[in-house]
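Below you'll find the structures, each written out as structure tokens.
The following pair of complexes shares a single chain, subunit A, combined with subunit B in the former and subunit C in the latter.
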Partner chain A sequence: MIPLVSNTSQKTFISRLMQYPVTRAILALIVIFVIGLVFNGGGAFFKWPAHRDMLRQYSVFGILACGMTIVIITAGIDLSVGSMLGLSAVVFSLLTIHRDWNPWHAIPACIAMGAILGVVSGGLISRFRIQPFIATLAMMVFARGLAKFISGGMKISTSIQQADGSYIYKNDPAIFKMIDSRILDGNLAVVTLIFIFCLFISWLILSRLRIGRYLYAIGGNEEAARLSGVPVIKAKIFAYGMCGLFSAIAGICQAAQEYQGDPEAGVSYELTAIAIAVIGGTNLMGGRGSILLTLFGTLTIGYLDKILSINAVSEAGRLMLTGVIIVSAVLLQRRRK
Partner chain B sequence: MKKTRSMLVGIAIVLCLALTAATWSAEKGTPENPWVIGMSQCNLGEPWRVQMNADIKSAADAAPSIKVIYKDAQNDTLRQRAHIEEFIGQGVDLLIVSPKEAAPLTPIIRNAYTNKIPVIVLDRRVVGEDYTCFIGADNKKIGEAAGRWIAGKLNGKGNVVELKGLMTTTPGQDRNSGFRKGIEGTEIKVIFEADMKWLEPDARKEMESALARFDKIDLVYGHNDPAAHGAYLAAKAAGREKNIIFVGIDGLVQEGQAYIKQNILQASFEYPTGGKEAIEIALKILKGETVPKEITLKSRVFTPENLEKGGEWLPEMPASSAPAQPAKKEQ
Partner chain C sequence: MHNISKRFGGTAALEGVSIELYPGEAHILAGENGAGKSTLIKILCGVYSEYAGRIVLENRPVKFSSPQDAARHGIAAIHQELSLIPAMSVSDNIFLGREKMKKNGTVDFSAQTIASQKILKRLGIDGVDVHRPVEEYPISIMQMIEIAKALSMNSRIIIMDEPTSALTEPEVNKLFETISALKLQGHAIIYITHKMEEIYKIGDRITVLRDGRFVAAAPIADMARNALIRNMVGRELNEQIQRRSKVCAEELFRVENLDIADPQGNRNLVNDVSFSARKGEILGIAGLQGSGASELLNGIFGAYGPVSKGSVFLNGNPFVVRSPGRSIEQGLALLTNDRKTTGLVLGMSIVENITLASLPQYSPVCWMRNSMEQKAALRYKQELNIKADELSREVSSLSGGNQQKVALAKWVGTKPLVLLLDEPTRGIDVASKHEIYELMNRWTAAGCAIILITSEMPELIALSDRIIVMHRGRISARLEGDRITQENILHAAMGQEREVA
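The block that comes next holds the complex of A and B.
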């Protein structure tokens, strides 16, 4: 829908601009944003809290999408991020609430656990040549089972059942309150800050480090990458390890925002994370994409959800509209001939 | 390979014989040879259902004459059907089923019932009358009681946010329609309603939207306690939790009642699991006593004032608010 312009140089400028995935991602975001300006939920969209809350809510998805982007760039996929989030939320709650661990021990422990499970997925995929879809599907089921096993199927909250069936009630750990608080005079959630930090780390890996170039090379053509001396196995293990690590961070944020570890947390979050990466413009076939695109993907999906929510659209309508808008956004982004 | 397989088959046969011998050897219902009860749970992913199994377990542990085998269908109707088939095949003495859905599970429950296996149906109904006893609470009545309590608390006037459970499920529909009936004739307005799919993070998100849109919210009615808690967290982040009353449903010790203790909720309406009652009825059936066809569980309301006393029983509702009976055969 580019307006017809008589000036040819201007026309080529626009079409040249549209060749960049970033421009297309921004365009999709602008379209969603304009929809928000029209359907503003009685003016709620014009106030900062709506945007601040959207950023808070989508930080967890965004953190998952950071890891997902790294994996998708290697032409892989990680279905286990949602389960890993649930597992990490349970373990983090268990350690901090029930075991009274110092958060500066509990946080690294959870992150290490996530990274190790990610490395296991990566090892199965690269070393044992199991398809990423299958290996991470297995990890998804396994991690969910582990979360349920550790928690005994119950939410790990500040109400703790004793051996005799009675309950004792603990206070919310300070670390939960800290992660669930806001900075800058209450204008930015701490989880959003954590999301920005994760974006920065992913950007560093993908755009500034040698390993990032390896990941793009593997996604572009794995065989060619191997023949030109890229350590394919190590690089892939690294990618899935990072994805597991980010899932664990997301799990910690989720637990802190719920003030409990829910073994069911994160069900189907992997689909949102994949949608975010893809809607940003990262190619599922691998080799193309960036973390900046994932940031725009997060904002696009986040605003879409927020606009549907402030307008109190019914659930049925939301599902259908989300489907339609995702397809439209992807079509809008398609490279024009 | 062949040798191992035939050995395995041999072991299996011996085991089967041993088992049959054990079951035939003595009279049933003793600690040495207890009655076996098959418990088919539709989804242990929900804390409330975990609580139901825990209630069954604690009641069953106190009765040495029975042994309960648990199966979790993980929210899959066909898997639950397979579980019930397995129980029938294995020849359990009694079945407790908390069905996921009525229609698809009715034939298999009827099959068990006509094969002289007593069936206790817990929480959700099946079609027809081919079961021994139905035990369940009434979501419509609980929703209506919540509506009346809210009307009283707000003096019949105010702005309410309703965070609904999955509206494709009967508990969601009944907690909604009961509540609307309870506030009928008052000046209470539901200014914002959204489906939070029973999930706390979704409830928090929807409440944030409600807070962004409306400056005056008097009360939040959540279809479960996690929803009310999620709404509280959203209001607290906006610095508005002091001016809003939060009400939930379920009243589990570790959730709703704990939130009341922490002054987060002002009321939680109990939705009893019926686990304890199921075992009591099961023991009666196994001993050959007659039991009523239907038991409607009473529920309590928990508030900060009555929590120490163990809550307050809800008054009996008029018959007009009784649940819609499922289609009965031969009527």
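The block that comes next holds the complex of A and C.
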């Protein structure tokens, strides 16, 4: 008498499988992979270094995308991740190169700074009800300014200009070399390991901790969540705090890879991070998405870029093609009613 | 309108309703919640274009395909939620979508300004600068601007749905003056209200609906208050709903002199309300639209933050009204009246919705214990007879009745002492309704107190041990035992002081 639930038994196995966002994300990745097999850049795609380098290059973006995913699940957005990366790179280089800080003090200091700035964004958004777009846009500009202020607009590197105009040269700090190195006979970059660690932390938060459930509920229906006793303000501050924290980690990696702290580093990285989350299938409207999707999103965007570069597509062509492919991937993943 | 019928799926919202409207009259449309007033209005102003029966306008049969179509024929509706765009100027709002154009294709702002000023003057409104954005004016002026918009379309029929619910006393008087002026100018007005005094102050004739059927129509002078109430009530009482558990003598929950301000803090939604509920009791709150009953429950629950005045006691201890989270900790639960927008997270699974309000139980030290959660959800699924093949299914895929049970399961899962239920049976099938009645019996037998709001009078009467009736944010009657009758409730709900013989 009462209709139970929509009848799924009549649908085919494939279409039932396609209901899951993960299947669609994998499909998008497979499509890119097949394109890579066809346009293999004279066989370069069949060789391991292509994949290894892609992973290394996209680890920093992947770390940013972890934080971005957490924020997007709450139906928010964080535009400040690129600037925060730059700020963190500058501060980390300054502390380790100029001030000779012990890296095990400098790393927590940078991460704490990122988390605090993220908490500020989160507070503006949840406590003072500023739209996430605006609040994090302001933070983006502010953090970039702070990075330039701290660095005096110069790259913080091992060659340090003295007051009399002469240079003194310092050795690269050991921590830079360590983060920039590879393990397993040079097959796995340390930054990739850090990316995997960030994925794991995000997975813990989103899937295993109570706060993760709160984040999904807020993104799905903030009012219903509030009336169910969900601490909306705290949870949102936590989300932006985590996003700032991951941005700081990404900044440390970036500094180590470049052996300097560039106050201009990370410009427009926020857009790549958003693209990764969205291509993975995390919904910008909030409430849906997962960190696994973001992993697939990172690989999809990373392979896309790699395939275009091994085929020597010009930068102009790469940008245009990336735009087209982002739209196609999102259309492919659209939830079917 | 002749013989109008409208069905939604299997249920008839209107059956053979007719209404006649003459120029220069204010026609009251009366009936309880769910009597079919809104449906009738929506047909008249073109929102529903599928219906049986016919509409005759000035001796010509018409059928409106859309609200725009109805507007072209001179029918305008002013709903409770105003349809103005806050940031746009008064004159731009009046001419929205029908801008006066110059020959060169640009908007003729000066013509619009002059025309809007003329209309506002006709309505007798001074001091409104038509260039200022609408949001700068109080709600009463906004309503006048809506009326001005209707007049600018040469509307001959103006429908007003509860226009006074947000107005203060002087503003109401001003509105009535305007309505009188409109009547003199030959406009016909359909006026929906739940306030007895307004009916007799402004109305010329009245049509009463009940359960989607036409009951009576008469000049206002020919229908005395008691006759009107008699016409409105008379819905069949449902013998199948049974109240079985016994009420204890022990008081569980008490509210004293409570005021609840609206979240913007402009005015009080609820004024000086006091009541108490005993263990195992179902306390019904009756009230027509705009009575403040729903706001009362939301306010007690802390949905609007701390209350401005008054105190609440639970189990003899002071109860802190601060936030929903705090209320849940103290043993209060609120089932909101709209499960889709405020009750459930539709994109989340059944399990996740059931445990949302009681997550700390399943995550000691912040760490989710999924098997514990699954087990609990399964238990509630069985206890409430939620029909779903898998608990991991999104709640949006469930039927209304099952969604409602998920929402109830969420609240029962918090182990509340007092359950506030706002329209627990709205929009669900009959079988689920009866299951929910049964659950309410079971919970009260276990010592819970339930405070119930429902717009279905037979349901309220059958389930409640006592009933308080609200009107304009105040308690207008407290009924017990034999005094619980549809007539008494309706009298009080419409703001009618009446001594019971």
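By our rule, the second predicted complex is superposed on the first by the 325 of 337 C-alpha atoms of A that agree within 3 Å, B and C clash if a C-alpha of one lies under 4 Å from a C-alpha of the other, contacts with A are read in each partner's own complex, and residues count from 1 in each chain.
The rule is simple: contacts are C-beta pairs under 8 Å (C-beta built on N, C-alpha and C of every residue); 3 or more make two chains touch, one makes a residue touch a chain.
Nothing here was measured: the structure is a model prediction, and the numbers come from that model.
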| item | value |
| --- | --- |
| Partner chain(s) touched by A:217 [first = subunit B, second = subunit C, both, neither] | second |
| Touching partner for A:167 - first (subunit B), second (subunit C), both, neither | first |
| Partner chain(s) touched by A:41 [first = subunit B, second = subunit C, both, neither] | first |
| Touching partner for A:288 - first (subunit B), second (subunit C), both, neither | second |
| Partner chain in contact with A:262 - subunit B first, subunit C second, else both or neither | first |
| Subunit B versus subunit C as contact partner of A:185, first or second or both or neither | neither |
| Which of subunit B and subunit C A:208 touches, first, second, both or neither | second |
| Touched partner set for A:227, first subunit B, second subunit C, both or neither | second |
| Subunit A residues contacted in one complex by subunit B, in the other by subunit C | none |
| Complex interface listing, subunit B residues touching subunit A | 44-45, 47, 50, 58, 167, 192-195, 197, 200-201, 204-206, 208-209, 211-213, 230, 233-234, 237-239, 253-255, 258, 261-262 |
| Subunit A to subunit B touching residues, read off their complex | 41-42, 44, 47, 49-50, 53, 56-57, 153-155, 157-159, 161, 165, 167, 169, 180, 182, 186, 254, 257-259, 262, 264-265, 305-306, 309-310, 312, 314-315 |
| Interface residues, subunit C side, partner subunit A - complex | 301, 303, 323-325, 327-329, 334, 336, 341-348, 352, 356-357, 359-360, 363, 366-368, 387-389, 393, 397-399, 401-402, 410, 414, 429, 431-432 |
| Subunit A residues touching subunit C - in the complex, by the definition given at the top | 1-6, 207-214, 216-217, 220-221, 223-231, 287-288 |
